[in-house]
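The structure appears right after this line, and notes come after that.
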Amino acid sequence: MNAPITPMPDVQGSVDVRNLPIDRVGVRGLRYPIRLAVSQADPNQGSVGEFSLSVALPAHQKGTHMSRFVALLEAMHEAGDVLEPSRMAQLGSDMVRLLEASAGSIEFHAPVFVKKHAPVSGLASLMDYELSMVVDCEPSAAPAVSLEVKVPVKSLCPCSKEISDYGAHNQRSQVRVRARLASGSSLTVLELIRAVETQASCELWGMLKRPDEKYVTERAYDNAKFVEDLVRDVALSVKALPGVVSAEIEAENFESIHNHSAWARLSV
Amino acid sequence: MNAPITPMPDVQGSVDVRNLPIDRVGVRGLRYPIRLAVSQADPNQGSVGEFSLSVALPAHQKGTHMSRFVALLEAMHEAGDVLEPSRMAQLGSDMVRLLEASAGSIEFHAPVFVKKHAPVSGLASLMDYELSMVVDCEPSAAPAVSLEVKVPVKSLCPCSKEISDYGAHNQRSQVRVRARLASGSSLTVLELIRAVETQASCELWGMLKRPDEKYVTERAYDNAKFVEDLVRDVALSVKALPGVVSAEIEAENFESIHNHSAWARLSV
Amino acid sequence: MNAPITPMPDVQGSVDVRNLPIDRVGVRGLRYPIRLAVSQADPNQGSVGEFSLSVALPAHQKGTHMSRFVALLEAMHEAGDVLEPSRMAQLGSDMVRLLEASAGSIEFHAPVFVKKHAPVSGLASLMDYELSMVVDCEPSAAPAVSLEVKVPVKSLCPCSKEISDYGAHNQRSQVRVRARLASGSSLTVLELIRAVETQASCELWGMLKRPDEKYVTERAYDNAKFVEDLVRDVALSVKALPGVVSAEIEAENFESIHNHSAWARLSV
Amino acid sequence: MNAPITPMPDVQGSVDVRNLPIDRVGVRGLRYPIRLAVSQADPNQGSVGEFSLSVALPAHQKGTHMSRFVALLEAMHEAGDVLEPSRMAQLGSDMVRLLEASAGSIEFHAPVFVKKHAPVSGLASLMDYELSMVVDCEPSAAPAVSLEVKVPVKSLCPCSKEISDYGAHNQRSQVRVRARLASGSSLTVLELIRAVETQASCELWGMLKRPDEKYVTERAYDNAKFVEDLVRDVALSVKALPGVVSAEIEAENFESIHNHSAWARLSV
């Protein structure tokens, strides 16, 4: 351990003659513990992120230095930093400088939790969501940060409700929103989640007692939405959030009458 | 290509001194095209199987000969054989002989399709299911073959229906049945699938027109079942099939009011 | 079955007032048996495809008609058609017309098999690959078809080989190539696969005897490549194929010295 | 919120007449933040667990009360408890009492991290592993707790090394050990991980500099092992740990010369 390190040939640093720049090269599937800011009330939640880090490689360079990507996460972890959008932008800038690159991208996804109170009983439990954050660094431009959430909700079919004498088919759906943030945006993860949940036939909770279950059932029936309605209503809701430059919205209904999904996608 | 093969040391065949027999050793994740018998009307359907093949290794032997497992599937493929339960039993016997083993197991899973007619319009489309077949070969016993199907269905919650003024939450569910077959059983894949579908709140179809959707919605509402009801009713239905020695039944409801599943399992 | 169909309200056809066109709406995760042309010698191979089909929806229209997507695949299946690039283009055109849409996309992925002969023993076995095909239909343009293959190969690290007294770390890698085809291109799936395999440290086979294993081991050692080398060499190889307009190449090394991957991506 | 709860019918509590007890019924795929003890030096590491909780249901009872499973995790989370084996046993006992059941099981899996120092440079980085813990509660018996780790390692093929003039194929492997713990066992997660890593051709690190990469390459070449050697050596190593009653060991090599895995399993 800790033996003196003898000089070794730097194969990656040698010259490449194929004349092909590489858009991105780096590591993928690298897991690290992280700290996340979910809301003002929950500014430092622990989670586990799975990272992809990569940089552009010019045509003349044979290879990049993979260990530096890991060193970057290790340093952030040691410092105990919270991965807010501004810290993510910094991480992107640090990476392109450390790797001596002109451009680069970092993306991670991680589970986040929100404490929710059941709609009638008021009982508390946690709901889990999937968060992603992305930073893209291009030459002569500020790092561009996007926030993405995957929010599970309930959808109830307006057609089934209209044509049936009683009942209506409903199912779990997943809404994915990727929002490009303005520089300095203070949009929180929770605000983005709520902009989705409020537009569903009904939102979900981890724990429901019978009076809550009655509420969810009737609320969804009163609030039927196609997958097309979901993406449109969420698009309007997300576009109205402060600090959102643009957004891509996708919804997938795990249809309860088929073995396939209905889905839709739009950009605003 | 086809150069003369020079003798090489057989490392796998050397003697092991750790005195530890190995329960199973072999290959996993090996994909091959296969032929399947789904029903008497559809006795030779093409699909793609993902196989696991393994044998017992005695304490004194260092390693098994992995290439022989692949050779076994290649020979079956070349012959164009249909993987019925009796052929699966034969494949198990052939494997333990070819590998000079006392015991062994083969398992594969593959998608299968059934042409179904929508309940009102009568329109035809295909439904996909996941089929598995397993053979276990033990010393001094006939090969034991099990058939497994994973059947997607609709479940509608009796509690939600009972307590709500209107509507009821429902969702896609998956029922898994693994049936140990009697030697010589002529049970078909389709019979096992139907023994599940008939017990659900409602079965699924690939294509439904509006009158069909009305039927499915009302049929499920008239036929509310907990996940506990599903496994019990399917257990009774499967146990009554000819040629079934025993069965394990599992149902999972992808709850439309939560971000987790309700599930149950029983053996008969 | 086949009861007379009573008129029902067409909720999907009603007018939408949110003034938001939808980029794509349709079905996802729909599995159907398909026929594929892998090479001139293997023009009609059966497989199982998982499809996504979607169309653009104008701002004034509330919803699309989901059952028509399934009807499209059912008709193709009944006709027994082989899903060559030209048939895929036709399927795209048929879809936008049937759905009365201005634009749309179809994508499927499916396993395909190629019979390969081991490099020394010459023994035959099948190798499995993942194929995708995509068609994008935009107004006033011919359908654009892309062919994608995921090819598993072996990569051996040049740095590890250079700095070590003996041995070199190597691992399984996956190379993904998505090639945009010229209209009328007769490029085959096998040609695209071979353009990848010939550029790896060594290609893979399903079955190898000892002399083959010696060949693979030494061939990879003689032919060390970084993940950067892989994407560059494959890019040159794919770009030289007739009928390829452009291509995206991605390679991922499932590093044997880490619990994460090295990867690279470039476009030509 | 917090409205008065009106009495509602208890459908789950009604009497069932099918005369079929259910082995296990409960929830699955429920995610909650957890605290884990990884080693004496790291007794309180945060992670995210995915839980399955279930109980036996007697023949006369129609359904279980699903919300109580969630309440159990919520209470544990609120208390900030560390999920050590003894706490897991307690959780099992609490669950069967809360659900008024005779038997039940809890299982979770979660990522855990260990700080490791590269073998030559001594540089620190984190390695991720997958941990599972299981408790089974049966009537008139103490809760039985098992600890499972999935440990990624490097394996190098003895046959390839022996028959080749230079080089040897190697790859990432995953070793899974499930150890049944004696009541009161103080075995740590890290001890179980180390009992695997020390038996591999070489262990893995998150970050390696060139001198470390040379070490790993040569160490693996000096220490060739079949998948059969891996399970045997790990079995001996795990069986010698204090507090282990029995263990199941499984190893899977993601072969770098094939597109399938070699694997083996044994119980001690």
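Worth pointing out:
In this document, chain identifiers A, B, C and D correspond to the written order of the chains, with residue numbering beginning at 1 in each.
Just so it is clear, contacts are C-beta pairs under 8 Å (C-beta built on N, C-alpha and C of every residue); 3 or more make two chains touch, one makes a residue touch a chain.
Owing to the predicted nature of the structure, the values given are computational and were not obtained by experimental measurement.
Among the remaining chains, the Cα-based centre furthest from that of chain D is the centre of C.
If you average the CA atoms of chain A and of chain B, the two centres end up 35 Å from each other. One finds 26 Å separating the Cα centroids of chain A and chain C.
Chain A and chain D have Cα centroids lying 27 Å from one another. Residue numbers of chain C whose C-beta contacts span two or more other chains: 8, 30-31, 128, 159, 163, 206, 208, 210-211, 214, 259-260. Because contacts link each chain to all the remaining chains, their graph is best described as complete. Of all residues in chain C, only 1-3, 5-6, 8, 10, 30-33, 45-48, 67, 70-71, 74, 77, 111, 113, 117, 119-126, 128, 206-211, 214 touch chain B in the complex they form. Remark: chain A residues 127-128, 152, 154, 156-157, 159-160, 163-172, 202, 204-206, 208, 210-211, 213-214, 216-218, 220-221, 254-260 touch chain B in the complex.
The touching residues of chain C, counted against chain A in their complex, run 8-9, 11-12, 16, 18, 20-31, 52, 54, 57, 62-64, 66, 158-159, 162-163, 226-229, 231-233, 235-236, 252, 259-268.
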